[in-house]
Amino acid sequence: MKKKSKTDPALAVDIAGLKMKNPVITASGTFGYGEEYAEYVNLNQLGGIVVKGLSLKPRLGNPPPRIMETTGGLLNAVGLQNVGVAAFLAEKLPFLRRYDVAVIANIYGESYAEYARVAEKLSAAPGVHALEVNVSCPNVKQGGLSFGANPKAAAEVTRRVKAATDLPVWVKLTPNVTDITVIARAVEQAGADAVSLINTLTGMAIDLRTRRPHLKNVTGGLSGPAIKPVALRMVWQVAQSVAVPVIGMGGILTAEDALEFMVAGAKAVQVGTANFINPLAAEEIVQGMRLYLKHHKIKNIAEIVGTLQV
Amino acid sequence: MTEKAMARNIYLGEVSRNEEVRPDFFLMKIRLPAQFERPLPGQFVMVRVAGLQDPFLSRPLSIYACKQGPRFCTIELLYRVAGKGTRILAGLIPGSQVELSGPLGTGYRVDRTKKNIVLIAGGIGIAPLSLLVRELRRRSCRAADAMTVYLGARTETALVGLDALRQSCSRIIVCTDDGTLGEKAPVTKAFQRDLPKYNPADTALYACGPKPMIRSLAGLLNDQYFCQVSLEERMACGVGACAGCVVAVKDASGNKAYRRVCADGPVFELKDILWE
Amino acid sequence: MKKKSKTDPALAVDIAGLKMKNPVITASGTFGYGEEYAEYVNLNQLGGIVVKGLSLKPRLGNPPPRIMETTGGLLNAVGLQNVGVAAFLAEKLPFLRRYDVAVIANIYGESYAEYARVAEKLSAAPGVHALEVNVSCPNVKQGGLSFGANPKAAAEVTRRVKAATDLPVWVKLTPNVTDITVIARAVEQAGADAVSLINTLTGMAIDLRTRRPHLKNVTGGLSGPAIKPVALRMVWQVAQSVAVPVIGMGGILTAEDALEFMVAGAKAVQVGTANFINPLAAEEIVQGMRLYLKHHKIKNIAEIVGTLQV
Amino acid sequence: MTEKAMARNIYLGEVSRNEEVRPDFFLMKIRLPAQFERPLPGQFVMVRVAGLQDPFLSRPLSIYACKQGPRFCTIELLYRVAGKGTRILAGLIPGSQVELSGPLGTGYRVDRTKKNIVLIAGGIGIAPLSLLVRELRRRSCRAADAMTVYLGARTETALVGLDALRQSCSRIIVCTDDGTLGEKAPVTKAFQRDLPKYNPADTALYACGPKPMIRSLAGLLNDQYFCQVSLEERMACGVGACAGCVVAVKDASGNKAYRRVCADGPVFELKDILWE
């Protein structure tokens, strides 16, 4: 690794007690379990990795086709295919532990109890540094979005997970709601240590030739730069509504995008779909942030968070 | 070369040739740094025009040929203009830059114990199989007549790669849907007729083509043969991270599972595939 | 004009009694009062024109900058700048009356009473063929979105407008809600003759250089192909939830896009942002629909509406 | 020509030249059908690369020159690479197609009663003013020394259009911020010094440049002069339909109103502009 020069700006952030060397995290579902990108990306350069959403039992996921490109975006209905929490701990986590990077487990349950069980199992394992509670997946029948769009249910999931773990708990919010600040405040009051947003916007694509949906699941979640304006707006709104840290995402491709989210109030950012079109995206964003701060003589990244002048 | 070229498996390549070899079929040569790994037949690259964000995703294309030199590696892609992404690729002129990662995925596994090698290609499925034929001749020292290729297409003008193939293989059975060249029959029909000649014990089959072709092949072979097929699905990441490109298979215990075409494939054992 | 050949497929539609020669309508706010595009487009070729949102008094609109490009989309915060209903009737409508095209007045009020007054004034004038009630503008302080996101308020606006007019009433829905079908059903029950959707998604863009929003109004409405997947999904959901006709829009650029909305259940479509990047878009869409139907030997456009197989 | 070319004011044009005339400044020649209307100085076109949807919106560029022939009309655009859209334009090679509508907007109004013509250009603001100068000479038969041009830029290399301008105008006062050519001063400073020479009654002023320049001009002139300025705002439609490009002005009754730069402008009377 490169030695830090004296004039290097400070990129380190602390999200509810979790210290990361920089605020750039790869987003759940877009970076596998880390190992998939290990030969492309120097994982040690990242602030954190959020692994693919984990459930108690392995999940098959939805039948294909699962993805479709749209203008500036990607629709997906993967349906939380994952190895399950036990296999994650046995087969995937040991690999991640070899790196100097925060590991955040994204968790999903079909019931309050399942959320709690998954949280409990992950908390016992060394090497998981925080939990991100997915109450916002649009691609599963049970749980997911139905919890996330309802402030009471979202709060209850948060309480149960908090009771089951000592790890910092991030709650990941859906944008498919009338007022995201209501949900954000509800989970904050229920004990969330941070909120991350946004998950995907529910969308659809149609194959005119067959008059069928392009996705077997009919609808899917829209991600990528197409949704960035919506994501930025919500991050800005939520950052003004809650006291806990906000982790922003949605269409971030470049360091400039990431910094815009931070100016809007995000203390850290996640990079999702960008990994697909440029596996080096997250690393390049870290590097770009460093250059930006240097160039603007900003000593610490914290100085720009929430500095939007309206 | 830029920094991008330094990272493993991710390169900035330069288009050195891009020609329409048949109506709507193009052959693109891309110059890459020498460290581009020697590809296995069946492997592919994800490619996009450097700096362009429309289309949004990279496109998967099989490696059709690869020549490694001391300073550069040149790969060839043989592709059909299917939609927006390939249409844009087709418009690139020599000197254009492409972002490319690869080689990706699994390759065909060559079973040296089998004496009959049979390849079945439908349409642009010829791309990965051509590389396989050349590698078989070169590496396994197979004779040009130790292999049989069944090659099918809609019509004569869609029969790409045939001339090149003739240089490495002398037994080529050509079929077209409209009879403009070779037999007027689906390629699987021609193969079915010859099937009794091929003993399961000493025949290795390799196929690539549209799904209906692969499916009817599965019906013909009935799990009796060693047969590897290369599949195509829409892809986002190309490296196994998004689980977007899955295909249903029977897992080791015979249960249904989804495997990623990009990372667990694109080459699969035909008998593992679940036809739903 | 070209004579219709015997084999020409039928494109005519009837939306709650309003007959249009084809289902392609230009969307409110994207086609001015028609006259702006008259030298580019043959207005007689269009099914209908929805004029810029009208309020009782002229409105200045929001201070500039009002627009910003995003990936595959456009953010706008025009804020309903318009000449007011009186000037519309006196100065703009006479021009439109010269054309053989349905004229739909998009209306906006800061109160229930204002909506009713605007509706009343427009109904007295010959040459207005339907009203489209905008309860979904994200760019104004009063009215607009606050009505549209609340089923009770949206229903009340609908009732008041219905009581004030004999014209068919379309209610235009906002996508910035948790469940758009709830609003759609509420306005249907309150008497809406049709629903049109979607209006813009609320979004934001930030200028990193100045750390200010690109729009003076801070947030704006996102339109264009970036939002098409969300629009298609909502049109499909609403078409299954209400019996009244659905008029679909959101990112339509081509005839193929328009036909996808119709397959999803829209009886007619509106073309918005596309006009900006190609003034001929709406005309080309009509022409493209005709070719599609011919090519697929479909006699009447109605045959494809709602034919999505899921 | 395609059907698109038939519609009034919308054309498919072909790039016939596109050269970097100064670092980051390009001159593009576009060949259009002969029916392209003769542009007034100050008018602009909306331009986009045919078939490309990224960037999403067309870009407004002033018409810098126009030559009408019997079969074609050739226009020239002089532009600075400011961001993504202009960077992509800069990459076009001869033969590329652009979609273009225009001429759009209002032009400068030439007041023949004024004997002094003074033009003030900041940076790329030279583009519309160059056309004005040439038209003044041609149509109003002004002598080359009947006009004075104040031309400012950051630095010498950003002084585009100067050589061409010298052919139609003999009185050019050049300023650069860094003093690399001409006076080391803002162009408005140089103009301010000469201002007493210009009598409001027989002077017509025309300006184009960045907002701060226009604003300080407003301060200097204090509504005493006939002065027309060309403004720039981000645009979506370019034809007055979206109300996206407005600027605040005093309307006839002195009240604040928003006017569309694309349709009510881009040329405005300086004294009408409201500086908020």
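Per-chain numbering from 1; labels A, B, C and D assigned in written order.
As a convention for this text, contacts are C-beta pairs under 8 Å (C-beta built on N, C-alpha and C of every residue); 3 or more make two chains touch, one makes a residue touch a chain.
Note that the coordinates shown come from a computational prediction; the quantities given were computed from them, not determined experimentally.
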{"item": "Chains contacting each of chain A and chain B, listed by label", "value": "none"}
{"item": "Euclidean distance of C-alpha centroids - chain A vs chain D, Å", "value": "47"}
{"item": "Where chain B and chain D are represented by their mean Cα positions, the distance between them in whole Å", "value": "54"}
{"item": "Centre distance in Å when chain C and chain D are each reduced to the mean of their C-alpha atoms", "value": "35"}
{"item": "Residues of chain C touching at least two other chains", "value": "70-73, 224-225"}
{"item": "Chain D: positions in contact with at least two other chains", "value": "53-54"}
{"item": "Topology of the chain contact graph, where touching chains are joined (line, ring, star, complete, other)", "value": "ring"}
{"item": "Pairs of chains found to touch, sorted by chain label", "value": "A-B, A-C, B-D, C-D"}
{"item": "Chain A-facing residues of chain C, complex", "value": "70-73, 75, 149, 176-179, 201-206, 208, 210-213, 218-220, 222, 224-230, 232-233, 236, 251, 256, 259-260, 263-264, 304, 307-310"}
{"item": "Contact set on chain B toward chain D in their complex", "value": "52-54"}
{"item": "Chain B - residues contacting chain A, complex", "value": "4, 7-10, 48, 53-58, 99, 101, 233-248, 256-258, 263, 276"}
{"item": "Interfacial residue positions of chain A with respect to chain B in the complex", "value": "29-32, 36-37, 39-41, 52, 60-61, 63-74, 76, 78, 81, 224-225, 273, 275-280"}
